[in-house]
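A, B, C and D label the chains in the order they appear, each numbered from 1.
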């Protein structure tokens, strides 16, 4: 096994399981649609709430996607092989998360203008929202993957992952929605983006090592 | 093919789920050895292999591979090992050839073709593994032995779910590997008359 | 030689007998201090000119909220020690500490909410401190749930340690973010921090209660760790001797 | 003493309900914690003692 062949296999598996990505996307859209129907469909409510709605839906969709990241590998034994293959486990995990991030976030960004239209977002704040997604979502993946690795040996681990990881998502949601609100008010929002970027980078550095510890403890 | 290699395990203590599996186990394996690990169910045969490959950590003891102490950092050993556990590590969504390209990216197309031919998998080369039978999936996992040029083989019940023909092929493969200086550690309840094995017994 | 006590602390047997000696006095000292602090605060401290007598909740609320945070800090440090040096006592400490921290956070939340009603006119305000204690409570519950969901002891130890360390790194960020959120929103009309300075007859009982609760929790932790040590080391001969010969 | 009488102490001005309910809840929770700790301690010993006795008689 080499890093290159690992990445190739990862993308092949993702491609074979494109239905899962599609499901996550549909789940995301349905959660977003619940808000106008369930609370208020007027633009007075939706415009200020849009960024919060989209971010909460994103967080849930990401957690669903991340939770299944190691499940298959654990069951078919390839997680064990990653541990013993002699390559650096944190680096393999990093590559795996990046592949998953591309597969989930890129489609999300593509449908974002559509959702922005549905929630009456102006194009300027839509841009801000997309940038926060691009900059902030890596930290969602990197933190979520720790929880996924810890609970991979539990059959019904999804709820536990939510309980463990959702508190850590709070700052990301707060910074992003504040950024979009600042954009809606015509204020500069680069400070919030910097915070998001810092969180993503910090989790990028730390999470692979934590996840590697968790994976090693889980495969025994 | 291989330079001289050896694996020495000394005073190994393994504990799992509050049970002592090994108490001060010591043995040594050299190039050309085929070692069968014997023991009752639950005696810790699989755990021993997992400890050697680095999935589990021993309570205490020392593991030396080819002169290098790998007790703490198993990296040196892992670069030269093929480990096959209970679940084979083959991804069911990928086809036979994709799985092999993943594990053995250096194998030449002709070598791949030859191995798949001899394992009677050549007709299923582009079939996702989840559509194959258990025995066929096992053969896919075992084909790594032919393709990956590694010295140390740690095989956990390699003969499980193989038919007579498969067992013959695998035995031949192990014999060939030992004759060129490879090391094989395996757990099995099967007698292997065609292989000259040494036994390491785990007492429970 | 100076590190001898530290290495001894890492040995369950030594720790057991050490804690056997200290747990009861520490616990009793804690109870006494807490009782003095609370009676002093409830009956003798002067009334607050702004909030009236409702401010007396401070004598339980503040110590408990401090403990909720300190427990997590201790938990995080112990987890870090475990992940780096594999110290055997660390997971025992985590197992013993997490439920105590959760109870502390819960008391802080409830007493804070009850205090909020007469002060702010509502049970709950999205105040930065309340929110971060709520998050703290979730973190504790996550650790407890994770530990009970994992059967394998080795995995449960590692898992609790990993999630505690991640929480320790994240807590300052969470705290910063909720403070930021609050300062950008309309704040509550009354805040608990507005008052310039407390007179000593108000903060002395508070100090007494804080010290008492710390000591109280230390005693509890030692006892809980003792149970956990006995359970984990039940195969060693000293545990057998201890259990069979010294009854409670 | 900051209060004139026992009833004034219990009333706490107009905030008696809040103060005493906060303290009541805290006391309950702390007592539960102590009870839980001590009973776990006792239970652990009992379980282990039974186990040791059983292994001795066998």
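Following the convention adopted for this analysis, contacts are C-beta pairs under 8 Å (C-beta built on N, C-alpha and C of every residue); 3 or more make two chains touch, one makes a residue touch a chain.
Nothing here was measured: the structure is a model prediction, and the numbers come from that model.
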Contacts common to subunit C and subunit D (chain labels): none
CA centroid of subunit A to CA centroid of subunit C, Å: 32
Between subunit B and subunit A, distance of the C-alpha-averaged centres to the nearest whole Å: 37
CA centroid of subunit A to CA centroid of subunit D, Å: 43
Chain centre separation in whole Å, for subunit D relative to subunit B (CA means): 57
Junction residues of subunit D - those touching two or more other chains: none
Two or more partner chains touched - positions in subunit C: 152
Subunit A, residues touching no fewer than two other chains: 220
Those chain pairs that satisfy the touch definition: A-B, A-C, B-C, C-D
Subunit B residues within the subunit A interface of the complex: 50, 53-56, 74-75, 78-81, 83, 85-94, 98-99, 101-105, 128
Subunit C partner contacts - residues on subunit A that touch it in the complex: 143, 146-147, 150-151, 153-154, 157, 160, 163-164, 166-168, 170-171, 174-175, 178, 199, 202, 206, 210, 213-214, 217-218, 220
Subunit B contact footprint on subunit A (complex, rising order): 1-2, 4-6, 8-9, 12-13, 16-17, 72-73, 75-78, 80-81, 83-86, 216, 219-220
Complex contact set, residues of subunit B against subunit C: 17-18
Touching residues (chain side subunit C, partner subunit A) in the complex: 83, 135, 138-139, 141-142, 145-146, 149-150, 152, 154-155, 158-159, 162-163, 165-167, 169-170, 173-174, 176-178, 180-181, 184
